[in-house]
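Chains: A, B, C, D and E, in written order; residue numbering restarts at 1 for each.
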């Protein structure tokens, strides 16, 4: 079992006294340089251009999707903001990785932030990554913290023209990206479910001092996940009810489906948490049982031998006038007596189910 | 007691990266070939045709009910979808057995999914089966996971023309199917109630290490059941309030009754859960009592004999100058003394109710 | 203490597969033949006719009140239903004693079902009886499970013309009946309060193994009562807000008062439940205290005598070269030493408040 | 510590079967004769008349305030009701001291009932007194259970013409009375806070068996207080939102302030309750710690001396062939050995922090 | 570890019987003389004047900001109230440091009260300071309890003309002040998070009796913080929804952002509380583990040596006829036997994992 290097969980870089809208990256830089991919597509074609100095203009013929991996570079973020006229508060939120999932509407588009999760089963840790999406008429920006190609499958679908992705407006791309992330939650929840099964096994066969710590760790992780999912649910609900001009009516039914998936993930999470709580009770009662078992052994042994030890002590006394010591069969009779006493006691403990 | 083969509870087959609406069966195939029954009826007649290659058209003279048992065959599901113009998301949901109960309206009809339950008392396991119902003008589709003839009684009523089933529109058939499923919940809850009674008996007479595990198992099952019933309640509430053109006003009063039954089942479930929680407390306090009892026995025996053993130890010493050893009645007096000490202690323990 | 014959608490007779509206009595028959009283009154007179074969027509000059005790006879219920045109679902509910309290409106009247309670202090059991009331223009039906003359005082008030009962329409009679039942709740809650006091006394003076079982029993009963009162509160709230033509505006203020009483009963119930929970904690901590007390006795005795026993053991050894054995005052000195050791220890334990 | 004479907490005198509106005093009579003070004031003058047989008419030139202390005299209450045309249900509520705090509007005025509290720190008991206020155009009635001059300061303010009390309409007097009562809550909560501090001190220094009982008592009191405050909050909220003709718009802002005070009191109460719960946990863990400490003493003593006793027992055996007994330094060597064993064990326990 | 001087937490100076609007300072005076700063600014200039006898009139050309540090001087507060026509209830609230955070609107402006927090990690205490802000057309008053220059950064921004602060109306200054305070919450929550980490470390390595007290202390602090944040959230929500003429539409988006920060702080707080609760469970189970460990040591030692002691006792008896004593190898055989018994037991305990 690897040891976990703990980091203070809610370390928020001090923004004390800065005017609002100040761009400060509050996370841990996960890659050297930001990595920007610009894709443009419509029903007929799909083209992707590697990012060079200049940001492309939004072309009404195409849906333009700019995917930014690495959000620590405040200059880049600011440039994007300036070029596409994004509200400073949105830019601030993109760089602040401590955001709660939320949905907000602005004049030029709408903003969604949520988290992608991976699970490290060995350390029982959930690794979050903040994803921000800002979309409007014909454009979508997505911002990820690290390098991983989270949206590879979406790109493949765009490239091959599979499904109806290319035929639909920008908000459907947003849906596709969100769908990818939410689907990932089920994977994480599955893995957590397996860890819980393992813990249950461990409790029932071989409780150790570490077991409790593991439950504690996992509980803390689920707690964080829960808060995040709970906010996401709220955000998705706002998204569905949105009457923004940038959200197409036809996308609504898909969003509702996505919302259902969130609810489902939340349900599974709640079940996991309740299972974990129930596991804790199981753990406590296992301790109680173990403690009882230990005490029973002690009691049985002590209760049988202490009286016998008294008896043999009696006949170890050195009184001058001590008739029993001189009878021929005293020793033999004493053994018989002691064996009978021991047997009666064993019988008694057996009836009490202590043996 | 059979041992339970545990399966990871929320195993969701990976649909990561598939476009939405992809038909993937997420459950465990329970029968070889799907089994399709086509029934058509109106107030005058009822006919059932075994399913052959072609799906019958919806005949406005009749209510057409197509009951599909076995939902692992994505081709069949897709064919049904194509033939009767069902939204792809509905088809996806039908095949995804991890759905939460829900009610949704579409252009051509409405969709309800819920679960049927059986209870295996020996393993204290609730066995769920997902049921999906899609209904519209003059037609009802029902999808079950396994082969069991769940709706046999409904078919009998249709066949014999009992009740008003044949005289009413398609939504009343939906009501009849739901009523059959919800009635089944009470049976399951009854059986669970009996298991709880047995557990209470077990705790009060003979707690074993397994007892806690059993409570834990049952609690987990009730938890799952609760989430499902809770969603169902919501879904039913939406169904009742529906102003869909496919839901007849006259059916409303029956749906309200059905909703009441759901509430009632939910109440019983909650009571069962609370009883289970109370049982756990009882269990913990039984452990505490047992532990106290063990310790009392140890304390009584040790407290009586340890001082006596000390006393006899005293007279076992080998000092040269040891006056008591030489008196005539020392031994006898010592016995009297020891018996008095023991009696006083016994009296003390009796007053403390430790005996 | 009488032993309680436990019955499965939620035994619902199987109605699986019956068409809705089927009349099945789901309770335990409590009297031989149903007992029907027909009363008719207006501001001027009150007459009561024993029930004979034919049910009287509703006479617009009078308020007709038909009180049925014993609801197991489905023929009678059906006949009443047919004669006065009551919806089949109401009839089904009247005979199903597992109903949650509810209020429903129909074309010809409104339907209220709730429970009357008695408390058996010896067994700590609440005995429920389902009461159904169906009322409309100029008529009231009341259905009770058993023979007890629950509404005797109401009849007396009608007979003597006391209060304004006779001067008001049928809905005021409904109010009077409900008022009688709700007043009975306070009696039951009072008696439960007394049982709780007794249990507290018992815990503080003489905890036994049964105590926990008693708390568990009472908790379960309160749980059931709570669910029932909670539904009743909801039902009453619907009743108050009703704009049914059968509920007079002048009755509204009385219903609000009745609703207040329900709330008050609910409050007392909640307080009782919290008290019971607090009692459980008290119980657990009493166990802990007792366990500590036992262990302290053991520890004190063992800790004093084990070292002394060691000491006397030392001088019981048979070494050839053992100087102390031969000194004149060895034995005496040893006693002094042992008494000093014992006193020091006693002092130590006293300082620790273990004595 | 005085012993508390416990009374059944929710003793409601039986009103079973009485028609609604019957005047029955449900409390314990606290003074011989009711004490009625009649005050009349306007911006210019204030006069108070001792109550004689006849109740004064309401004079539109003045605000008339009738303060009744002692509410057990149903004749008096009935007379007041008749004279000033108060609804019978209000009169019934005034005499029923088990009322939940509430606000109700009637044709001729509005009715508020709430509780005044005193705290007996020695018995950890909250002593409630029901206050009822009925007010309308130019008149205010207040009803108190006992003789205490609760509203002395209000009278002084009226008398001296301090503040704006005399210049405002009747509803402002109601506000002043309520303000007086709610201010008293903070005093009670302060005193309870002190008791909690004392209990915490007691737990951390010297837990006794009584401690738990005290926590239990206080918890029960807070529970009752909480329910009452919770209802009051609701009632105040209704009062604020009232559009009754008897509530002046200018009073609204003061009522909002009063509502804030209620909320504040409620908050403090909740904090007290949570503190108490946390105290209970502290108590339980203190017990656990104490239990561990006791066991550690036992274990240390027993573990050191039991092996040594075994050793000396060995050399107390009487075998004919027992070489060690005859060596010159056996006895000395044995002592050295035993001391080494004891030291090793002490070291071990020290490392385990059991010493 | 410093010892904490506890003060009764909710000491509210008695205002019993005072007319509402009476100015009574309910806190502890933290500085000698109040310290008043008057700033005036518009987009072009910023000037600050030290406070002299006379309060400046509000100049429509400027935003006037009067910052008062030290609120114990009721004369000053009253003077400010008179000069700028502030409602007496607001003045009363400013001086009452026990206020719950709230937002209220008056004719001439709006009033917000909330708390600023500092955290003393050594004592695990949160030190609150009440901040009141009253603002209207072109003016802002802020009231702080102590001398600390809480708003230094805001003054710098005003002075240097950084950000858009000077270009915006008075309500934006209010936003800037609130933003400063809320940002401070994250700092406090971070520090608390670190304390929790330390406590977890302490529990897992070296539980002491103090640990529980520390958790208890921190829990109480978080409780108080939680109530305050919860009220603040409510207040902020009212502020956002305000349609007061003094709140500019353009400020709305910033307030929403501020509200988000509140929510975020609240989330972190909740997570901390849950972590603390989980820590308590960890603590209890550590105690249980320790208790088991102690008992296992006792049991192992006692169970091995008690039977052996019995055996050696047997051969210490003084019977005349005691054959074994006379055999040549008895002593040697006994040792072998005892070692075998001991080894078997050790093996047994090893299999049970007690060693």
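In this text, a residue touches a chain if its C-beta (ideal position, glycine included) is under 8 Å from a C-beta of that chain, and two chains touch if they have at least 3 such contacts.
Fair warning: this is a prediction, and the values are worked out from it, not measured in the lab.
Taking the definition of touch as given, a chain qualifies here only if it contacts chain A and chain C alike; those chains are B. Superposition on CA atoms relates chain A and chain E by a rotation of 70 degrees, given as a multiple of 5. For this pair, chain B with chain E, the centres built from the Cα atoms lie 42 Å apart.
Chain B and chain C have CA centres that are 26 Å apart. Contacts with at least two other chains are made by residues 284, 288, 291, 295, 298, 302, 306, 309, 313, 316-318, 322 of chain D.
Each chain touches the next in a closed loop, which from chain C via chain D reads C, D, E, A, B.
Within the complex, the chain A residues that touch chain E are 6, 8-12, 14-21, 87, 89, 98-100, 102, 104, 206, 209, 212-213, 216, 219-220, 223-224, 227, 231, 280, 283-284, 287-288, 290-291, 294-295, 297-298, 301-302, 305-306, 308-309, 312-313, 315-318, 322, 324-331, 334. Within the complex, the chain B residues that touch chain C are 152-154, 156-157, 162-165, 176, 179-180, 183-184, 186-187, 189-190, 193-194, 197, 204, 253-254, 256-257, 260, 263-264, 267-268, 270-271, 274-275, 278-279, 281-282, 284-286, 288-289, 291-292, 295-296, 298-299, 302-303, 306-307, 309-310, 313-314, 316-322, 353-354.
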